[in-house]
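Below you'll find the structures, each written out as structure tokens.
Each of the two complexes below includes chain A, the first together with chain B, the second together with chain C.
Then we have the complex of A and B:
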């Protein structure tokens, strides 16, 4: 039993230390640029949480990040580097939008599910392309998913310019019928909607699926040891495909929530790289599902808080873009914050130094 | 005799584990000194300390009369003192030739070339000296990826000698060798001893230890127990010292019952990774309540046979029936549903998922079934209860099913595999491939008993093992594989001797 037994809370403590260190570095950067870091942090906090509009904007970002983060978490667990969520989000948004303006007026309780399910189904089919290529042909998923993102965006461009164009001045689709819109939260003038409940449900679903179901059991095993899975009768290939499809469907749901909750129609390039924020949220906590909401909230906070910081203190909000990479860097090498090993190392050094000195003294 | 190494009162603390607790060790010039103990007893750590890989917390090391622990003692210093070590995992560059591997890091250079041009001729000359003197057949110009494991080991030994080692530490050298290769190694070690080299042999295989050692030191639970002369001890005594209690490796074999045929293999052909038809036309039957042992030198098709029967490898030709049902090229899941249990030959590969808990590993094959899950939702409480019950039944330590499988010792990890395969009800057939490879003696005893008990309950067992003692102590009938064919079949009536089996294993024998 030479192996270290790691307590469950230890990785969490390491991540927290990484956060603190990253913020210290960020503060140093702000100070070097000639601003007061404490003031900047205060305005950042205000910009993200104080006031209906600020808080609502944070929630708006949080919804998207939490759904995409949960979706990404699924594939991350099977070792599938799913960068295709952006594409799934576009496809999901487009196909959630379409029934909203194509179908005749229907009551909310019918049209909203129809829209969301249509978007999820389309995104699931989209994701299955990369999933099947990975599972059966072992094609590198990072390549296929990134390339498919461009195809997905081009596809939505085609649809909103041609068959589903609103024929307005801007490249966009018609608005969905009023009953298809998700109700807004009482945080006007922000755009935060009741999609927050969908996001929480998705997160709970992913949590439950991962740890409490046989399917979760299978996909947790597949990445770590596919040959073990084969031997105990788990069909790895189908598990990989299934997980990727599910993840894609959730990515599509994120897109649907954006359309029905925020925009009301599909506008060209409505979401630039927003799916990647979800991926980052998941990477930031090393796919620890329990911490995912905190990390999602944190990313949302840096996005909205950055604006507040710029407005009131003059610190350029582009600077906020440095904090997340710094943080990822520190989390990736969180072993340097392995306080226990550090402790043992120090203890060992002290112990070995003391007798060595004593010996050295006696020898002389 | 001259004492060349002395290690006194050594302490070494790893995070959470005291790996060595006040141990001692010494070496006389020109002896083969075995260091034995169960897995995790601290033998390897002790020797890695001597080789300068770990710093000690307390204690002293004296090499050739010099107290090396006064200053910083590193591997570099150890090599300078003539200490060499061959690790359990070989440290060779597969893409390079044997010659390049041996000289790597201490290349001789041509005169006047300012240490730039490697003098391969000088290296070759020096190496052939070792090859001839110690009869270590190695092919200097072959790439390491193309040579056998036994040869890799000889390359490692030459590598150590090339760096001027007079004291050679071998960490479980026979764990990866076939019996023949092991015998060859012992011959080499014997010649080296006569040449004045000193050898430390780390092992837990007592037979081998008794064969080649002059003295034997025993470690148990991080502590030094005792040192004995080979001439004054016996295998049972060593086993008792090692485990701390008496062990009985000669288990009482339950007589075979004349049951109906459970597994029927009919003339199968199976490919390996590299060649087609590694197995060429094998037929045999295993009956209910008997153990059929498959003996043979490793690499003669045993792995392929096991995987083919388990549905993990395609069968080219021929049929396999389990209890009358055709399972040829069925999916592993379908085969398992027929009452098939499988202890895979490598627990780290197919046997366990080390990053997951003990409980999840133990119930991985049954997780879809009630009561462990319903409609796809896991019943965690039932899983934990069952895992705890099985850890009692199969004596897995520590008992806590929430531990990661990777945190358990080899023997206990293997017991998880056994508990998964034999703990479930309705098993008709067990394929046990190398069930006790690389584990400590106390657990070997336990696992063999479990297999014997399963047989007594009427399970048909196909036992594939490179360990002849294991084959002889468990099997009712024995078949011998040689180059993908069966070279002989014996009834294990107590009169089978190892020589007879050995002859069949190298292709000679009745049917030839």
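Then we have the complex of A and C:
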């Protein structure tokens, strides 16, 4: 009875069921804790979208998540589990910030590209360590990237405490020159900047690269069948290294946008696991690039909406941080929501409960 | 400058450093054993961080409500096993990528304990209470005459002392028993062990459950033995450090535990450097950089060896 061939819409239905289940769990936990779930949802929505400040904060998160998500999507496609984007983000932020306060005053059309490119270059070099170790030595990437994250955080910590310290009370670097800041969007009290155009450009670039170029063709195939690729003349090692470097550079760009668009200087621990939000956004849609912006917006919504919910209703925003990874687990093992089998099983039950009727029906 | 440097060094490298180093290493050793067991069946388990967080929180909670540290440790261990069981179902039955799984567990661990802290204890940040019963420390009274000896050998918690036999037992089980041989053969060549009649999935399940138990123990020790409180995000990367130490020791429990001592040493030295205004970041970096270098060097030396063997064959 059960057809083996899966139709295209079936995984989508399963993912929808996953969303509904996670949503129900979320509502149930809120209700158990003694709050009103409907009120919580309403405040969450308001906290994310209503008002200039709330909407601007969502956009601010969305920028970072979209860039990191695009960067992560590149390496995910070659089967490289890049946890090192956090480190790339730190390195990129630090080295985007440095020209901003080291160089003399320059017009913004020179200083902004200089800052961003120096950050990207530094992050690319940083990513190349893990990339080269994976490609040429076949060392597991999850270990090296996590360790490099800690080294990157310690390195930026050293730089902002000693040579590049602002000598103020807080551990931070001096502010970048005013012309290096990206202009803000007209969402006044929030810190959302025109970096959103950079984010959209990055996303378009990754999309184009993945589906419309030879390089994209190569790295889409390297993960599936490296031996085939070697046989037809694709140098898979160099493709892996190139993709990881590119992904690292985009991670650095995310850090640069965060500095030039939001903060203006490098503050210690300015990004607590924010690169991981980008990774989540990519995992949530199973690396489907077309859906990535929606997923990034959703994750940004949960971040800012969670704060609004905590402020107005008292439901801890940690709850939403718990439910989002659970949702990702559900999406990752979407076969658990095998609604078709359940449907046939129910059908079978009904038929066995009324055997005479069913037999009579089939005889006719 | 030299005088002051000498003064600082004399303040740092004192006999009490040994105790600090051992105490700081123990949670990492336990997290490392979690990584070691799962690595032996060729699973890279990065979920230790999340399980440690659960272990920390439930250790403190059970100890607070029941007043029994033994029960608290048991609950933490069982909880670790339970989380690992969920992971095993997702990984073995539904074939979820192990890194996605580990990443999700880590995020749930951090966020869920923060949530529970706010809901159950109505505080945020950290939780300290006199009702939390810590794991008892064993003092050796006959050493109390000598401050050096009593600092080095006395005042360890039960779990800290238990770690040494646990590591040796694990090494013995993995390398000197049939069970361990089968377990390792699953990791070395899945196909071959399947053909020889080993239930591969069962071995992987057992390894994952054991690794969860170790991570839960690490959590309970961290919140009840190493300190006596719960702090948000208190695992602070110890799960990842354990994984790095596992790589350092090439998944051999004893070498990996020695690698953890390097982490403990650098952590305690970095802590002692902080008040003197000396940049301690480089000291913090040492174990990570060392692990990366050791990984690279070991792989390169293996490659050189194999190419040398190949070329000598070709010559003859």
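Here is the rule we use: the second predicted complex is superposed on the first by the 323 of 364 C-alpha atoms of A that agree within 3 Å, B and C clash if a C-alpha of one lies under 4 Å from a C-alpha of the other, contacts with A are read in each partner's own complex, and residues count from 1 in each chain.
The rule is short, and it goes like this: a residue touches a chain if its C-beta (ideal position, glycine included) is under 8 Å from a C-beta of that chain, and two chains touch if they have at least 3 such contacts.
Computed from a prediction, not measured in an experiment: that's the story for all the values here.
Look at A:214: by the touch rule set out above, it reaches chain B but stays clear of chain C. Of the two partner chains placed around the shared chain by superposition, chain B is the only one that A:227 touches, whereas chain C remains out of contact. When the shared chain is aligned, chain C comes close enough to touch A:321, but chain B does not. Comparing the two complexes, no residue of chain A contacts chain B in one case and chain C in the other. Chain C makes touch with chain A in their complex at residues 44, 46, 90, 94, 96-97, 99-101, 103-105, 107-108, 110-112, 114-115, 118-119, 124, 237, 240, 243-244, 247, 279, 281-282, 284-285, 288-289, 291-292, 295-296, 299-300, 303.
Put simply, chain A touches chain B in their complex at residues 1-5, 211-217, 220-221, 224-225, 227-235, 340-341, 344, 348, 351-352, 355-356, 359-360, 363.
Here chain A touches chain C in the complex through residues 33, 81, 83, 129, 133, 137-140, 142-144, 146-148, 150-151, 154-155, 157-158, 161-162, 276, 279-280, 283, 316, 318-319, 321-322, 324-326, 328-329, 332-333, 335-336, going by the rule given at the top. Those residues of chain B whose C-beta lies close enough to touch chain A in the complex are 13-17, 19, 40, 45, 55-58, 70, 310, 312, 331-333, 335-336, 342, 344, 349-356, 360, 364-365, 367-368, 373, 376-378, 380, 403-404, 406-409, 420.
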